[in-house]
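Next, two complexes with chain A in common: one pairs it with chain B, the other with chain C.
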Partner chain A sequence: MILRVNELNAGYTWGDNLVHAVNDVSFEVEKGEFLGIAGESGCGKSTLAFSITGLLRPPGHIFSGSVFFMGKDLANLSKEEIRRLRWKDFSIVFQSSMNVLNPVLRIKDQIFDGITAHVNVDKEELLAHTKKLFKLVNVSSEFLDAYPHQLSGGMKQRIVIASALSLNPKLVIMDEPTTALDVVVQRIILQEIDELRRKLGFSIIFITHDLSLLVEISDTLAIMYAGRIVEKAPSAELYAKPMHPYTEGLMNSFPPLSGKRKRLHGIPGHPPKLSEEIKGCPFATRCPKKMPICENISPPYIEVEKGHFVACHLYK
Partner chain B sequence: MSHAIYTNEGDKMKTVLEVRDLVKYFNVGHLFKPKYVHAVEKVSFSIGSGEVLGLVGESGSGKTTAARVIAKLYEPTSGEIKLFGEIVPTKMSRKRLLKYRKNVQMIFQDPFASLNPLHKVRYMISRPLKIHRLVKGKEIESKIGYLLEECELIPAKSFLDKYPYELSGGERQRIGIARALAVKPKLVLADEPTSMLDVSIRLDIMNLMLDLKEKEGLSYLYITHDLAGAHYMSDRIAIMYAGMLMELGPSDEIIEHPLHPYTKLLKKAAPKPEESLRPERLVVGEEIPDLVDPPKGCRFYPRCPYATKICSEEVPNLEKVSSGHFVRCFLYSK
Partner chain C sequence: MKYLIRKIMFLLLTIWAALTINFILPRLMPGNPAEVMVAKFRGKITPQAMNALKIAFGIDVHQNIFVQYFRYIQNTMKGNFGISITYFPMPVKSMLAQSIPWTLGLVGTSTIIAFTLGTLLGIKSAWKRNNFLADMSVPIGLFLKSIPYFWLALLFLYLFSFKLSWFPLAGGSSGKFIGFKEVLDILYHSILPAFTIVVAASGGWILTMRNNMISVLSEDYITFAAAKGLKEKEIMYKYGARNAILPNMTGFAMALGFIIGGSLLTEMVFSYPGVGYILYQAVESLDYPLMQAIFLFISLAVLVANFLADVTYVLLDPRVRSGGKE
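Now for the complex of A and B:
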């Protein structure tokens, strides 16, 4: 096991306001595993990524819980200790990576930066290593001296992924890395990420709002709603047998590509505001299978079948 | 070749919009050394009464430009637009333009950018009603209420005095739809109306649009990059690539039996867990051609796995392969 998140609570506070964006989240990531986390905007998935990587800045805070990464509790490390681990042992690929690159620096210098912050290597070795990285992500090494504006969106994304892999991390956290790309390019990059994982053996936490993408590519899938993980299971099982009514609703929200055209129905209503205290199950107001208990008692997150976790009163 | 063949032959429905050989170039050079982006190249299609035509393509394929030309936000470089069989002139007086826009309205992609943050919902919906002088005096309030309720913003009263920042993305897009429908248009150009919304909200908006189509007798040009969404919404689908229409046909046929290599690629790239959880591997070059200096032959040939010599030399015609199904590819030309 490479990462264990334990009853993590995080969010934002200012004055008397509190936004409880991550609520009692627990999960584990095995070595080489591809974990997908799907949820709508505002469900706390990016806050979760920031909390794990120690990048949550005020007014954001981790309230309680622990994040064990290779035996160390990241939630209790100092900034400097986390900085030393970040990029070397785990790295992050952000949403809209295209804007992550500095427009006035050459591509290679930006990759060098990340490497030299952690290890001492001479220029030649640095260049040789970066060439290898470029080859890994299928970008021609003639672009080493290019500036970001000379590259297409897909290429920039590849460079950012190359940079995240530059120090051979054990875990890569990807926060909607392909959202801004075209369908075809998106599919190709995902395919490449998966191949790299198999080749290099790192684990991935892949965060996105696009469930249909994840079902096909991840090993395990966790569904987030209103700051909580409401269901987690191996992808194929989650797709074949969704247990939580929210997951079921999400699955029915995607028109299938093939088959006869027929009317589908989404999930009525909208998610609760995380700035207000939620009593009972956060999905109760939209749930078609609501019971009296749902309004008052928050359902526990339990393992219903082996490897299949769900937080819903329907399953006990 | 008569343009009439681009309609669906089986149905004898009334044609609302007809576009023939629409071209739009943007000058990105300067006055004495012009350089043109070939954004839309000889695009022809028609939309029947009550019909939804899905226009599918990647970003940069010219689908939004085409819609903006039809909405008269851009002037076409050449080509012809006909509304109810009448030619729409390139230059129009304000009065004539107003009359055109009463029939043709647009829904924009980004509900966070398309509503003025300084105005209340009441004002935003009342503007088209006033500009087009559709209602008088006191009726306006009840008309706004009716429009909001039609777009499932219920109770309408509670939304009237809200500013856009108080609304969720889905609610904003409903305001955008209500605003477009205020003038009772015949044709609505919907430019990726769901792409900025959350997945659980998307389907609601699509369903709302389909319901309103039935109720108000609308036609849509539904622009999207999502093939599955286009299939859900549209009667016919047109596939656009690098400014050109590559394939056009009935929805089910485009999805089940795509002919053009680009359509096949799009279908392969789309997630379809209902078929298999381990999708086949895509192998393709990913660069869309430079539209300032587009390839001489077929615009897809640099990425096409079936490309032959002729593909790099000549542009294939959009040819009929079966009733209502057209494709621009040498593989199918006789």
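Now for the complex of A and C:
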């Protein structure tokens, strides 16, 4: 097992305000696994990614819970020990790769410094390795000397992915890495990522608001709603048999790959505000299968079938 | 390269404009320096002497204005700025040659020290935000920035020179020494004035650098640098300060440009023999040739400093290099 997240609670506080963005989230990632986490915008996905990697900055805080990376509790490590883990053992690709490159440094220097911060290599080796990385993500190595403003969005994205893979990490967390790109490029990059995973054997946590993007590629899918994971199952099973009414709603919001044409349905209503305390099931106000119990008691997150977890009162 | 050529052309054009305005302005004013001289001699001057004076000052009213203009340009190129009235019969050229080194030494050095110090403190205080000491830099910076300079300088002079006698009361040197001892003497005389400039000027740099740095630190590339596991120092300087300093370069260049004008107040309070001090005296005694030359030098220095800022900008920011285009 690469990663275990245990009842993690995180969010933002300033003054008397509190936003509970990640609520009792637990999951595990196996070696080589592709875990997709999907949910609407503002449901706490990015906060989850930042909490796991220890990059959450004030006013963000981890309230409780723990993150075990290869058996080590990250909360018990010193700043320097975590710094040494970064990039080498786990790396992260951000939502806005457009702005993650330093505008005044050459591309190659920004890849080099991530490498030399962790291992000692000479210049030639560094260059050869970076060229290999560029080939991996299909970017011509003539862009090594370029500055970020000279590259297109897709190229920047690929370069950031190349950088994230530069030290062969065991886990790569991707927080909506393709959101800013068009559908065609999105798909190509996603397939490239998956190929690289098969070749290099790292695990991926892929976070997106676009469930349709993940269904085919990921091994496991987790659905997030209002800061909680409401359902998690192997992708094929989740696609074939969504249990949580929210998952069902999501599945109905994009067209199936095959079969007859159907009218698509969105989910009426809005997700609850994470800045207010939620009583009962957070989906209750929008749920078509609501029962009286849903309004008062938050459903437990339980394993209903083997490997299929769900938090809903419909399943006991 | 194209950018550089464009900037050089622009520099030459503005220099020409400055020269021309400098020529026109005094001619728009009533009276002329020779008449001032006459007043100074209380009328005890012959018409012949008066005429000689006019020629010496380069104001020959009987000449065509264009001829005057070309002669002015010619003289300026040769560094011939006429004769000072206050320090008659010293040529303006030697007045400037005497005072510029003092000013460059004192104001130049302390401006650079103030910028470096203020920038470093600004970086640190932004990086260590929410730490009490770091956050105190804001009220302290504001206090230093808004305190009237002459008052601060007078206070320091009173305290350290008059009361405690740690430093000399006035002047750039005591003139009693030669060789290495003279250098030490000059340094000794410059410590207190330099200190007041540094104290007063660094406050502004602290504030602006802290502001720039704080907004840069919230950029995604800073978080990404942290995610890469870079060392703190590297993130702070290579990723943070490297970007945060860009907007300050123009301000710094302007400050460098104004060095040549001297720090009027500093040089007055400490009776320092720099450009500011003679400018003050030139204004007091309506010494047009001297004023004109000093103003010309100030505008040239500002223009050149601006040009250098543009060039440095190109070196520091690759986005400017391509002029916004690919």
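The working rule: the second predicted complex is superposed on the first by the 306 of 316 C-alpha atoms of A that agree within 3 Å, B and C clash if a C-alpha of one lies under 4 Å from a C-alpha of the other, contacts with A are read in each partner's own complex, and residues count from 1 in each chain.
Here is the rule we use: a contact is a pair of C-beta atoms (placed from the backbone, for glycine too) under 8 Å apart; a residue touches a chain by one contact, two chains touch by 3 or more.
Everything numeric in this text was worked out from a predicted model, so none of it was measured.
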Clash or fit, chain B versus chain C on superposed chain A: fit
Degrees between the directions from chain A toward chain B and toward chain C, using C-alpha centres, nearest 10: 80
First (chain B), second (chain C), both or neither touched by A:57: second
Which superposed partner A:270 touches (first chain B, second chain C, both, neither): first
First, second, both or neither for A:117, with chain B first and chain C second: second
Chain B versus chain C as contact partner of A:150, first or second or both or neither: second
Chain A: partner with more touched residues, chain B or chain C: B
Which superposed partner A:187 touches (first chain B, second chain C, both, neither): first
Minimum C-alpha separation between chain B and chain C after superposing on chain A, in Å: 10
Where chain A meets both chain C and chain B, residue numbers: none
Residues of chain B touching chain A in the complex: 58-59, 168-170, 198-204, 206-207, 210, 225-229, 231-232, 251-252, 255-256, 265-275, 277-279, 281-282, 284, 286-287
Footprint of chain A on chain C - complex, ascending: 130, 219-221, 223-231, 234, 238-239, 242-243, 246, 316-319, 322, 326
Complex contacts: residues of chain A adjacent to chain C: 53, 55, 57-58, 83-88, 91-92, 94, 96, 99-105, 113-114, 117-118, 147, 149-150, 160, 163
Residues of chain A that touch chain B when the two form their complex: 40-41, 152, 154, 182-188, 191, 209-213, 215-216, 235-236, 239, 249-250, 253-261, 263-268, 270
